[in-house]
Each structure stands twice: as structure tokens, then as C-alpha cells.
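Shared between the two complexes below is chain A, which pairs with chain B and chain C, respectively.
So, the complex of A and B:
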């Protein structure tokens, strides 16, 4: 395993060099909070953050994404034919992504990149991206990454792990993609692997000890799916929900989208936009029938999908990395930790 | 304010025991600082979970829409005005409700307090008119009056306008409040500056519709943004569509909005959505002398016609 030390002065210089070969994305404080955005030339990622307000899933999977264009002008030879839009799949890097958010890409991968179905936009974006993780030494009280099968120094889904030791950064090289990114930046001060590894381990233990949220997920797999579906607690658990899309839009592991055509005169585009299972429209059939017409059904769907259907279908743990955004942002304080406990302990 | 809770529990218990209601709608303690969760109590044991403090900013009238049970509902001044509006608009029947009035001592602004600290707030404690904010290695005492929700700071109807039970003596209403300073500033802007102002205001919007869904007025079975035949509004992040949503929603609330602040409190991006609804609220006051939700006896100005309605805007 290889470890690199970067002085904070050479950090900015390296990022400047990377500008030529990568589109760089990083956290930037806009007004009141941090969010990921594409960095302007010379702009540095602001790493003085707990985590971003929204997850970085939009770097790979934007909220609105145009897929095709078409013309309705019958004088044109190719009228009424969908044509794929040129997109920029040149190398990009997300700098300062928290380990929970990086793991989230692996949680959604079985949906976008399945043996029988491939989502070309997600796959090409994902493969073009280098994930430079930023180890988390100040987890929030709403974080539950460790019980969710992840952690503040977790490496799954990362190409590099950046650790802030106060006077310099240590970088742990995890993949070849990460190695290439390092050489493009020109950072190469290799340090003694054993010492660096020990230092990071100590920091990891300290950070993990700060995560105090306890959420049990061990029983979910063995619960009977229809028992949980019909459980009596849903009425109480769903009562406060106002069915907005905040939890699903803020979530790094929510993947649903809707496809829309928009036409301007003769010109049209076909695009996809994030959708949310919280919305009644999400399941409304053309016939007018809606199989999830009530709030309770929709709230149940969200939690059952994340904590039961996903668990059973993919055998990849829960569809949640414990980032805590839905807890912090829910306007009415619906707390996934509480619902998870209700599900995990249901029926004794 | 915490003295109210004993009375809330006593009344709720009595109503449930005497089968006057099937459920009481109130708040239980939240799992994060400055948040409480709306909940219902169907048994005296459930009532034990009820809390009351300065974090009960959600408008509970939102939980009444089209319900048919007999319901006890805890209502601040603004909630009570939205209950009146709900009754007028036939979204709930007066005789199905027992309104438990709470003379309101104002709610605190969680967004404002969060942005005052660089690091995470782990606990917020209330003591009289002080708010004590705690986090890892810090503790700071704030004056509650400095961190009120903006709508609460300018509220002139803190006492419930209709109630069947009440949990305390009326509070003194604020006098000489300038409710529309911010609106006048925007009104004075030239059109281009106004556009820029509104575009900046909603630039962070993610179209999650938390503002709409937290609002007791927004009960349409299918909102205009969700209509598909015809489709009035696009669904992408196009600024024109986002703008259309916010402008039209505000217009739909005119003459109905009580400035309860639920929309602003709900917004995950901290957008000041009341800047839109307040303008319409001001117009209704200026043109019709109307404040929403104050009486069951009169129809709101936008669903009636009177020959002396102002018409100077018709040229």
C-alpha cells in the first residue's frame, strides 16, 4: 500500500496542474452551506466542512439530464428521430467526497449497471470519475455510517483517501485510477507506509468512536416481508410526513427518475429528472389508478425499499450509507434511525 | 412556555377519556435539536409523549385536511387561523374539531441559529427568554427575541382566534409592528432588479416542494405543477419553471395565507419563500382590509365579488 504526503502549499499547485487533464468538482460554500460544484479554474475545494447539504450524486447523476434531441420539422430529413446528445465524458474528479457518499455510488451501482440492463449515462459518468475521499474526523450526531456498513475512513468506492493531519495531508492510494490522478497532480512524496498506516488507523478509531447513533439492521433480512408490509407502526411512523421530496433528493442512494419530453417550437429534447416515491404522481397509472395513493403507502415504500427490498434483492446490506442528511433536512423530523429500529425489532 | 404542556396533557387526556375526540394532534420531542415531530395521541399513554416549546413551528392545520375523525388539535394563533380557513374552504367540519388554543410565545428560527455556528449544534435548551446552544466544546446563550422565526417576530395574532379549550391566559399582542418593510423594498425596485432579486432568491431551489407540502393551503389533489394534461410547468431545473412554480403558488395563496412561516421553516435550502406570499398578503390588506383566517362569518375577498371592489388596476 502506498502513501503520499502533501504539504498544504503544494496542494493548491497540484490542483492547478490537474485543471488541464480533469474536470474538478469539490465542495464550495455558497451562501449558507456547502455543496458540490464544478470548480472554476484556480478555485479550491473548501474542505472546512462537516458535509455538503446535498449529496454529490449529482456529479454522476444530475437532477436534470438531457438524453436526446429531435426535430418536429417535417422539412428536415431526420424529423421525429431521437438523436443522442453529445456529452462530456472526459476525466473528472470529485475532491473532498466523504467516504459515506463514495460508498453510496457502489450501493446504487447494481441498479444502474446490472448484467441485463446498463444505464449508459450513469456508467460513462461513473467510469470517468476519480473519487478523492476526504476522511471524516468530525462526524455529526446524526451520522450512522458505521452501523450502516460504512464508516468515516471507509475506502470502498474511493480511489484515494485524503487525511488531514493538521499540518499536512496524507493520501492513501487505493486504486490505479487514484495513482494516475496523483501523477497528473505531480504529488509524489512517498512516505513510510507502516507509519502512515498506523497514524491513519489511530485517527480512524478516534473518528469511529465519535459516532454515537446506534441503529440495528441485523434482523431485517430475516423478517417476513408481508409482516413488515402490514405492520401496525406505519400509521404512526408516517403521520408527520408531508410527502415532499427532500429526503429522496438529499439522499446519496436514491436513484429514481422520470422521463420527460420538452418541446420548443419544432425543437425538442428528451430528458430525465430525479423523481421521488414520496410524490403521488410517481406511481399514477395512465388509467387513473394509483397503487400508492395514500401517504402511508408512500412512506412505507421508501423505508421498505431502503431497508428490506434492497436487502433481500441485492444481498448488499441496506440501501443507506448513514450520512444522516434525511434526518437533518426533513421538515417534520422523520428519522430513518427510528423507523429502522421499528422494522428491525418488529414482531420480537 | 413549558408550563403550557401540563395543561395540554390534561385537556388531551380529558378529551380522550370522555371520548369527545378520537385523536389529539400535537407534537412529540424531536430527535435533532430545534425540531419536534407532529404526532397523534389516541390513548392517554400517547399523550405522555406530547411536548410544547419554541420548536413547534409546523402548522398543524396541515394535518386536518379531509379527515373525518373527531379531532382535538393543538393550535397556536396561526394554526387557528388556518383552521378557520380550512373550515371556510370545506376541508374540515367545525363540529369534528375541538380546538385546544395555545397563546403563542413565538417560535425560534432553526435555519438562522444553524448558520450562526460553524460547527454542529448538538443541543438547544430553552430557559425563559434565553436559548442555550451547545456543541462540541462550546456553549452560547442567545436572547430568544433575537432568533425568532421572521414571521413570529412580526406576528400580530399570537392568540388563537377560535378555540374550544385554552391552555393559558392570552398573551399580549405586539403593537406598532411594521409587517411589510421587506415587501416595500422589493416593490420599490425597478423591474430588472426585481427579476434579479427573485432569481437569486430561488437559485438554490431543488423543486422538492417542501414549502408547498408544509403549507395547509396547498391541499389540491393534483397541484398545477403535477398536471400532465395539459402540462403547465416543466419538471427540470430550468429557472423559468422554478420561477413559475414559486410565483403561481404565491398567487394561489393570496387572501388565504396567514404568514405562519411553515413554508420557510420547511425549506431544506433555507429559501425565504415568504417574500412571495407576503406581497399578496399585503395587497389583500391594502385593497380589501382583509386578514386571512380571522372570521368564519365572511368569505375571503378572492372568492367573492362586490361592486365596490377596488378596480384602479383596470385601465
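So, the complex of A and C:
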């Protein structure tokens, strides 16, 4: 295992050098809130924050993305035929992604990269991205990454792990992709691996001890889908929900999308946009029938998808990394930890 | 066996960006031309579209089985999931019968022969043709849900396929004679001696009507053979028809794994990715649309 030390002075210099070979994304403060965005030349990621308001899933999977273009002008030979457009899949790196958000990409991967069908947009963006994780020293009260199968220093889904030791950064090299990123930055001050590893381990234990949320997920797999579906607690769990959809937009593991055509004169595009199971239109049939036309059905769908359907379908744990965004941002204080406990303990 | 074949075909034409093979985009429709539009019903709300591939090679890539569906794509309007009404044994064109209900279907109804549109697919699973080989097949359909059933009947009646199946019974009903789909074919099938065709309407004042009058469940009760290990029922129709046909099939001793149904859902991607058409952990677009009643009974009642 290889560890690199970076003085904080050479941090900016390295990032500047990386600008030639990578599109850099990082957290920056926009208006009142931090969010991930593509960094302008010379712009530094702001690593002073706990985590961004929205997850960095947009780096790989933008909220709106053009898929095809077409012309409706019948004088053109290829009118009404959809055409692929050029997209930028040059190397990109997301700097300062928290380990929970990085693992989220592995959680959604089986959906976009299934054996039978491959989503080319997600896969190409994902493969083009180097994930430079930023270890979490001060998890907050809504974080439950450890019980969700992740952690503040978790390495799954990361190419590099960046640890702030106050006077310098320590980088743990996890993959070859990460190694290439380091050489492009010109960061190569290798340090004693044992000492660095011990230091990081100590910090990891301290950080993990700060996560006090306890959520049990161990029984979910053994529950019967239809029993849980018909459970009596859904009405109460959904009671306060106003179906605003904030939870699904903020979530790093929510992946649902809509496909829409937009036309400007003769020119048009087909695009996809994040969608949300919280909205009635999501499942409304042309006939007017709607299999999920009540709030309870939609709230149940969100939790059942994350904590039961996904668990059964992929045998990859729950579809949640414990980032806590949905808990912090919910206007009516619906708490996935509580719903998970209800589900996990249902029927004794 | 057939499912494995299907996945193999899909994989061979699939992305492997790591190996640098050109990525085939499953969202990109094949361009097609509307060859013919037939108004099917007296209310003019159902039209059949015959589509021809603009690039002849695409027809081979679109190899399908009876019971599958496709996304019809109209540039500037969007896409709709529609069951394939033509049979794999009919070459040179695809056929879809579309009910006018929303944005895309209304626009489609106003299009004309010669117009260009797109098609993605084939999608979903199909009726279990391998399992039904050598068995009796009872097709029970109502209203405009008869499209993939037409595909199935034409497929089974193909001279190369008919010997593979034992008895073939078809019960098909609509509200009135004018609301039946594919009227010319129905009349021809009625004359054949290698199938038992039972056409019915809910009501009619036409003195020349020579077929049944009565709801589909009633005619099923009168005409369907009793259920046994060698008899499969394929049921497609409006929810009310399904609700009242099920007790009839129970009475006739059809077991739940011999009752086959095809579901509809709002869909976008059609390939199990966009997340909206699930019933429990199954996606109707990818794991369906065809399920046995046995399978449906294990899934949440959310359809």
C-alpha cells in the first residue's frame, strides 16, 4: 500500500497542473449552499464543509442530459431520425467526494450496468471519472454510514483517499487510476506506509466512534415482500409526507429518470431528467389508471425499493449509504432510520 | 432455453467500453417509415400502423417473439410502449395497433403513410412458447388488448408452427361488432378447422350478427376446454374482464401456473433502468410483461 504526503502549499499547484489533463469537479459554495460543480481554472475545491447539499451523483449522472438530437425540417435528408451527439468523456476527477457518496456509485452501478442492458451515458461517464475521496473526521448526527455498510473512511468506490492531518494531506493510493491521477498532479512524496496506515487507522476509529445512529438491516432480506408491502405501519410512516420529492433529488442512490423531447423550431433534442417516485405522474397510465396514485403507495415504494426490493434483487446490501441528506432536508422530519427499523423488526 | 438465447443475443450486440468496442446505445431508435395506416374500429380510436425499417439490416436486429413489445418513437413528441401485433413469421414489416389516449398516440393518429418515425426493441419477455409446445393453448382476449394475441395466433397458425401445438382455442370479445380488431382475419379464422374460434360481443342490434353475444367470461365458461396439465390459458383484456374470467378458469380447473397474463405499465426506458414500472422487485418492461398468475400472486398487488 502506498501513501503520499502533500503539503497544503503544493495542493493548489498540483490541482493547477491537473487542469491540463482532467476536468476537475469539487465542492464549492454557490449562494448559500455547497454543491459539486466543474471547477473553473484556478478554482479550488472548498474542503471546509461537512458535505454538499445535493449529492455528487450529477458528476456522472447529470440532472438533465441530452441523449439525441433531430431535425423536423422535411427538406433535410435525415429529418425525424434521432442522432447521437458528441459528448465529452475525457478524463474527469471529482475531488473531495465523501466516502458515502463514492460508494453510492457502486450501489447504483448494477442498475445502469446490468448483464442484459447497459446505459452508455452512465457507464462512459463513470469510467472516465477518478474518485478522490475525502475522509470524514466529523460525521454529524444524521450520518449513519457505518450501519448502512459504509463508513467515514470507507474505500469502496474510491481511487484515492485524502485525509486531512491538519498540517498536511495524506493520500492513500487505492487504484491504478488514482496512481495516474497523482502522477499527473506531480504529487509523489511517498511516506512510510506503516506509520501512515497507523495514523489513518487511529483517525478512522475516532471518526467511526462519533457515529451514534444505530440502524438494523440484518432481518430485511428474510422478510417476505408481500408481508412488508401490506404492513400496517405505512399509513403512519407516510402520514406527514407532502410528496415534495426532496429526498429523491438529494439522494446519492436514487437513479430514476424521465425521457422527454424538446423542440425549438425545426431543431429538437431528446433528453433525460431525474424523476421521482414521489410524484403521481411517475406511474400514471394513459388510460388514467395509476397503480401508485396515493401518497402511502408512493412513500412505501421509496422505502421498499431502497430497503427490500434492491436487497432482494442484487444481494448487494441496502440501496442507501447513510449520508443522511434525506433526513436533514425532509420538511416534515421523515427519518429513513426509523422506517428501516420498522421494516427490519416487522412481524417479530 | 429461450430466455438464455435471448440474453446471449443481447450481450453479443452489447457495449463493452473497456474493450473499446463501439457502444450500441439501447435508447437509440431504429428509423422506420409508416407504410400503411388502417382504422380498425367504428369509434376510429384504434388504428393499426404498418412500419417498415429504413435500413433493411435493422429488421434482423429486431428479431422478436410473440408477446413482446416495443417503444414507438416520434421525434418531438416522445415514446410509447406498445405490444407488437405482427407475428415473427410475417416478414418485411412490423404492425402495432394503437389506442388514441395521450400526447404521442394522438399525434401518431394524425400521421400519414410515408412519415418517418422510430422504434426501439424488441422489449420484455414473451409467451412461453417452449413450455407450450405440444400443449393445448386457449387464448382469451377482450377489447384492444388483442394485439399480442393476434401476433400469437398468426405465429401458431404458421404452417411450420401449427404442428408444434395441440388444440388451439380463441375467445375474443369486444363491446360491439364495430369494436373488434382485425375483422377480416377473425372471419377467416372462424372458417378454419384447425382452431376453435369464438368471437363475441357484449351486445348488438345487428340482425346479421352470426357469432356469440355475451361477455368474455360467460363465453369462456361455455366454450373453453377444462384445465389440465396440458392446457394453458393466455388472458389479456381490461381489468374488469380479467377479474370475472379468473373465477371461471378456477372453476374449469386451470392451475395458476397455467394461466398466463400480460401487464401494462407506464414506461420510459423499456429496459429496466428508469425505475417506474416495477411491481415489487420485478420490472414489467424487463422481467415482464408476461407473468403467470402464480408469479403475480407472489408479487405486491400494485398494478
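The definition used in the following text is that the second predicted complex is superposed on the first by the 348 of 348 C-alpha atoms of A that agree within 3 Å, B and C clash if a C-alpha of one lies under 4 Å from a C-alpha of the other, contacts with A are read in each partner's own complex, and residues count from 1 in each chain.
Keep this in mind: a contact is a pair of C-beta atoms (placed from the backbone, for glycine too) under 8 Å apart; a residue touches a chain by one contact, two chains touch by 3 or more.
Note that the structure is a prediction, hence the values are computed from the model and not measured.
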| item | value |
| --- | --- |
| First (chain B), second (chain C), both or neither touched by A:273 | first |
| More chain A residues in contact - chain B or chain C | C |
| Touching partner for A:124 - first (chain B), second (chain C), both, neither | second |
| First (chain B), second (chain C), both or neither touched by A:297 | second |
| First, second, both or neither for A:250, with chain B first and chain C second | first |
| Which superposed partner A:260 touches (first chain B, second chain C, both, neither) | both |
| Doubly contacted residues of chain A, that is, touched by chain B and again by chain C | 258, 260 |
| Chain A residues touching chain B - in the complex, by the definition given at the top | 30-33, 48, 50, 53-54, 63-64, 138, 140-142, 236, 239-240, 242-246, 249-250, 258, 260, 262, 271, 273, 276, 279-281, 327-329, 331-335, 337-338 |
| Contacting residues of chain B [partner chain A, same complex] | 30-32, 35-40, 58, 62-63, 111, 115, 118-120, 122, 136, 204, 206-210, 212-214, 222, 226, 234-238, 265-270 |
| Partner chain C, residues of chain A touching it in the complex | 67-68, 70, 72, 79-82, 84, 111-112, 114-120, 123-124, 127, 225-226, 229-230, 255-261, 263, 268, 270, 272, 275, 277, 282-287, 289, 291-292, 297, 301, 304-305, 308-310, 312-313 |
| Chain A contact footprint on chain C (complex, rising order) | 7, 10-11, 14-15, 17-18, 23-29, 31, 54, 73-80, 99, 101-102, 105, 115-118, 239, 264-266, 268-269, 271-281, 286, 298-300, 302-303 |
